[in-house]
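In structure tokens below, several structures.
Heads up, the next two complexes both have subunit A, just with different partners, subunit B and then subunit C.
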Partner chain A sequence: MRLLSFTTMSCAIVLLTTCVVQTFGLLPTANAATANTAEQIIQRSWQLYRQHTPAEQEQITLQTTKDGEATREKTLLRWTRYQTSSEQVVIKFDTPAADAGLALLIDRTDRSQQQMWLRLPSWVKARRVQGQRQAQYFAGTDFTFEDNAELSGKATERYNYRLLDESKNGWWIEATVKNPSDSAYGRREIWLDRDYAITRIDYFDRNLSLIKTLQNIELKKFPNGGWRPDLMEMRNQQEARLTVLKVKARQFDSNLASQIFSQEFLGD
Partner chain B sequence: MTDPQFLAQAAALQQQIGLLAQSRGVTSILDKLPQLQDGDALLPQTAQQAHDQLQLIRWDLADERLANFFWYDGGLVLMASHPADDSVSLRAYAQAIEQLAAEEFPQLQLLPFGRLHSYHQTDLYISERKPMNVLWTMPLVLLFAVLWFWRCNRKLQRAHRRLQPLQAAAAICLPFVFAYSVVVIVMAVFAIPLDQATACATALGINAAIDFDLYLLEDFREALNQGESADQALQYAIGERGHLTLLDAGLNAICFSLLLASSFIPMQRLGGIMLLLLATCAFGALFLLAGVLRSCVHNSGENNAENDAENDAENFALASTTAPATAAPATAAPTTAAPATAASTTPTPKTATQTNGNMLGEKS
Partner chain C sequence: MWRWFGLLCCASAQAAEFDAALHWQSQHYRDSTRSVLALRTELQQQWQGWHYQVDTALVNDSVIAEQSALNNVTGLGLRRTSTPNYLQWQQHFLRYRADRLSVSIGLQQLDWALIDRGSMFDVWQAYDFTDLLSPKALAQNALRLQWRGKDSNAVQWDFIYNPKANLSKVPAGEFAYPIELPSEKPDDQWGLRVSGNWRQQDLAAYAFTGINASPVLCQASLRLCYDSLQLLGASWVSPLDGSALLRVEAGQVWQQRSDGQKVSQHAETSYHQYSIALEREWFGVFADEDQWLALVQWSDVANLHTSQPAVSQSQFLAAPPELGQFASRQLDYRRLFQQQLLGKLQFDTDGSMQSILALEWAIDTANHGHSWLLSWQHRLADQGFWRIEWQQLQGKSTSFWGQYADKDRLQLTLNWQF
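Coming up: the complex of A and B.
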């Protein structure tokens, strides 16, 4: 009888202690992925992003505002096709008239051999974007060619990740590129919410000065864990410029024709 | 900016400017366009081509402000260089470009800008007005010097001899009239242009000349106030105090000679002209001014007889070798008190003061 009482009391104490600790947040919750490394968190984030659909088409409005200047607006279409661990992206501008036909193909079928092809409206055919040019701003926005490539997926194997902080709101992770020639940035700081959706990225140059901040403002979450930002703001501190990218329409379509993701399509 | 015709005309103007004899090199964003051009054409043939190429260059330039420096929606920037070592030559080059654009490219609107362009414009403004400025300086110096000497004379009601304000003021102007004459001749002979650099020498020259003149005149006037004759005052101002003028001129010359080491030719010229100005101003102050100072002295009417007697006594005292100089002050203590006090507080020569006191004692 005494033994039973002791066992019961012990169980009660353990249960009570566990409740108190969990109530005050002293231990992480079961889905907080405590055992996850920073790299696993990022991988999980992009896995959820990609698992929602094999392909999609987005109609996007892009506004660029510079201090003291009028806002410039452009519209474009973006097609994305996801494969197991890679993706292909095509961006094509509709307006303004001078930019109509400006197109970019990002082919990350083999991420170690990532290729970008640019076609300006007056060019007969697309030209490959190489080397240093990938670090330059694209189409008068605050997104570089490199940023555009990483909007739909990150090549996690090229980065070292470090967990800077973790809270009930999510994770704060630092990403530094393993090979400095692979990126124009010295460091990125990435914020993710508890659903693994990326909410903010700070971009630092090689001197570790903050260049710009990307904020995913309108995050759309899907039942299967997928996420998409409908409104993105890239605030460029160095250039005192703001680029707002708003997704006006998004269409998930697994049957996007393969000819879209080709150099020929850029000229059509 | 993306109009192919505009680009073609701008390129033609750039080429023509490059052919001007004074041109060293002319560059613009147009030099870059042929490298991006599809096909054989050197320049964009359509507005779309021009837009695309310029946009590509803009993306390549990390700093957008840099791109804005080369072109903007309304036009582009031609950078013309000219091996000028004076602003007169630069002005001629700018005018040649403006004339070329007006005559051969009337459709283009040329808007010269930049520091070098404003440099020769302000230079024109300054150099054209400099002769008038110098001429106006003379009466102003004359006026202020007259007022100065008139005010000094009012304070010294009892002085026997005074400087006549107008004559003294005119005498002050003499050294820098001389100095400027020499400088003008030298500039003409060596074809040194009157530009911003050389024009500012006049202001510095006026300062230097008036400094030297005032030192000399103040010493001269002070000696006169102590009752010295014009010759004695001159002897004091030149013989005993003249080295200060030379010292001042020398120190100034050392400072300005550093300009000769400048790699910027206008600065070298300024240094050379300043050395010449300082030398001629010092010469003018010590010789020309000294030559006319006697005629600037006015002997007070009521004291004329006394002055003459004083001069006679002075001559006598100077000639006499037997009169004991120490005996007189003892017999004439009340009357010598004032001059003795004055002598103790002013830098006038001791020998002259003692002689004066001795003479007054003998008179009483």
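Coming up: the complex of A and C.
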């Protein structure tokens, strides 16, 4: 009886202490613990994505279909170079003829100060783009400038993550940006499989209405844990439009010239 | 458009590509018309780090055809012109791109300009002023070495040597000179640019010695002369708030007449010049996806005494002496006016580059002349575009634009790539 009372009292004291400590934020809460877990999952996913190669180049086909209109196809080349915790990306359109010369350089060497340069076919040279431009759709597709910057790596330090669900198939995670001016989206929901490969992302606007859904349909996985989507489908509910991005060829190359990742190269 | 991609099949990228485009332009002035038909081809061959490129244009220009025919009839005093159909080599170069070093040799476009128009660092490009209101940059035969550090914020070096400068072509048609003006022999040129990107700031320093590619008139010999020119300068590009960008160019220029004549009252003159450009974008002003771009640029130059630029001489070739002072204030059309306010307002209806409406202006505030250009470009399928432009020139008759006040024009352009 005395033992029971002591145990009960101890539990009550522990519970009370926990409540007080948690109330005043003196210990990490259960939610905070899951938040860390969610962030670690995302970090692990991109770590596996990036560790596969220091650089790569891809030949990509883009198909855009708007309800009631014919499908438009574009081809482009994409070069990506990974550094310790950053990356540089160059995109150059090849066809159709009217888009040839359209090019984008994304420099995330310092992710807190991401920089982009855009060259339109009618411009003599590349211009720096920033701010509101990042929320705009790029080249008539459903990928915004911001999406293009995050296709090869996420700046996890800019987001708060929350684990929404976990199952034998993987994780479902919510990402909200810490500083609203850093993103056009109010929220993202990210699905990952058990190999840490991202299979789906839902994008919500600042009113938390669903804008579009990205699905990585053909996922290629490598023995060291690396992963790449070979077929991506972005279904835009708000615009009633579908963009399908197909990687036709990919080459991992550790010797991509530094000259490629320059403003001058956009105009070549 | 034909392409043969061997891309990604082997250790390094390789590709061959051939593009062709048909370009038709029709210009309508108050009392004359001009049409230009050009077939442009572009051949690129890439293999590992090598890049070989040949760009040509086969051009038929009605104005040149008329002048050519006229010369055959009279043969006296009038400018001789090339044949009505002529082939232009626009670029022809070989480039090797290693990790950090890029070497290119041959006829290539060289462009250091930072701001859209009237850049003081646009020293490499000669211009084809055949169509005075739409000058086209000409490539130069050059050796170019570019070195870039591994990191994006590392210093970049760009060295160019041009053994024999390509010269500008003087106006034809509505703006033509009444007589033949032979050109002097060009000099060699070289330049060095050091640039870098630090904390979102683009900084660069420039050194150049060569010629001023904008021809001047040596009145004693009635030849087109090219002042020698040395330049030291610096530029800075900085993002301001969310969607604005600031560009600044400043530098010191030394200029001498190649024929030993005085530049204005001075055998040698030096002056400093600067340009400030502010650019801003807006999105979703009237509709969800519309895009606006506004650009305002102010340029000024202090202590300027230049030679008479040939491209603005058409009405003053035999100018009376009292206009001498005026003529010396006629500034370099290609690079600068004494004080000029440039601007551009561009509207993309849905952000997809499908349809673009633009208003551009150039105001010479010192001499009270201005040019206004209103254009609408619309994409045709995925292969080309058409554009309609209305250009109006106004101002005092003693200003650069004002002397062409009766040369307003309507221009139609059709460009088709295949």
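The rule is simple: the second predicted complex is superposed on the first by the 232 of 268 C-alpha atoms of A that agree within 3 Å, B and C clash if a C-alpha of one lies under 4 Å from a C-alpha of the other, contacts with A are read in each partner's own complex, and residues count from 1 in each chain.
The rule is simple: a contact is a pair of C-beta atoms (placed from the backbone, for glycine too) under 8 Å apart; a residue touches a chain by one contact, two chains touch by 3 or more.
Predicted model only: the values in this text are computed from it and were never measured.
Colleague: After the subunit A overlay, clash or fit between subunit B and subunit C?
Modeller: clash
Colleague: Examine A:R133 and indicate which partner it touches, taking first as subunit B and second as subunit C; both and neither are also allowed.
Modeller: Touch partners of A:R133: subunit B and subunit C.
Colleague: More residues of subunit A are touched by which partner: subunit B or subunit C?
Modeller: In the superposed model, C touches more residues of subunit A.
Colleague: Return first, second, both or neither, reflecting whether A:R250 touches subunit B, subunit C, both chains, or no partner chain.
Modeller: second
Colleague: In the overlay, answer first, second, both or neither for which of subunit B and subunit C A:A98 touches.
Modeller: both
Colleague: Would you check which partner chain A:E264 touches, where first means subunit B only, second means subunit C only, and both and neither mean what they say?
Modeller: Second partner only, subunit C.
Colleague: Determine, under the contact definition given at the top, whether A:Q88 touches first (subunit B), second (subunit C), both, or neither.
Modeller: second
Colleague: Which partner does A:V124 contact after superposing on A: first (subunit B), second (subunit C), both, neither?
Modeller: A:V124 contacts both subunit B and subunit C.
Colleague: Subunit B clashes with which stretch of subunit C: 21-29, 165-173, 327-335 or 381-389?
Modeller: 381-389
Colleague: Can you give me the overlap between the subunit B contact set and the subunit C contact set on subunit A?
Modeller: 98, 120-122, 124, 133, 136-137, 139-140.
Colleague: Under the definition above, what is the set of subunit B residues touching subunit A in their complex?
Modeller: Result: residues 2, 38, 44, 46, 48-49, 51-53, 55-56, 58-60, 62, 64 of subunit B touch subunit A.
Colleague: Considering the complex alone, what residue numbers of subunit A touch subunit C?
Modeller: Touch list, subunit A to subunit C: 57-59, 72, 77, 88, 94-100, 107, 109, 113, 115, 120-122, 124-125, 127-133, 135-137, 139-140, 181, 249-251, 253, 255, 257-262, 264, 268.
Colleague: Which residues of subunit A touch subunit B once you look at their complex with the stated criterion?
Modeller: Contact set of subunit A toward subunit B: 66, 98, 120-124, 133, 136-140, 239.
Colleague: Give the list of subunit C residues in touch with subunit A in this complex.
Modeller: My answer: residues 1, 3, 5, 7-9, 11-13, 19, 21, 49, 51, 97-102, 111, 113, 116, 146, 148-153, 156, 197, 199-200, 202, 237, 239, 241-243, 245, 279, 281-283, 289, 291, 351-353, 356, 377, 379, 381-385, 417-418.
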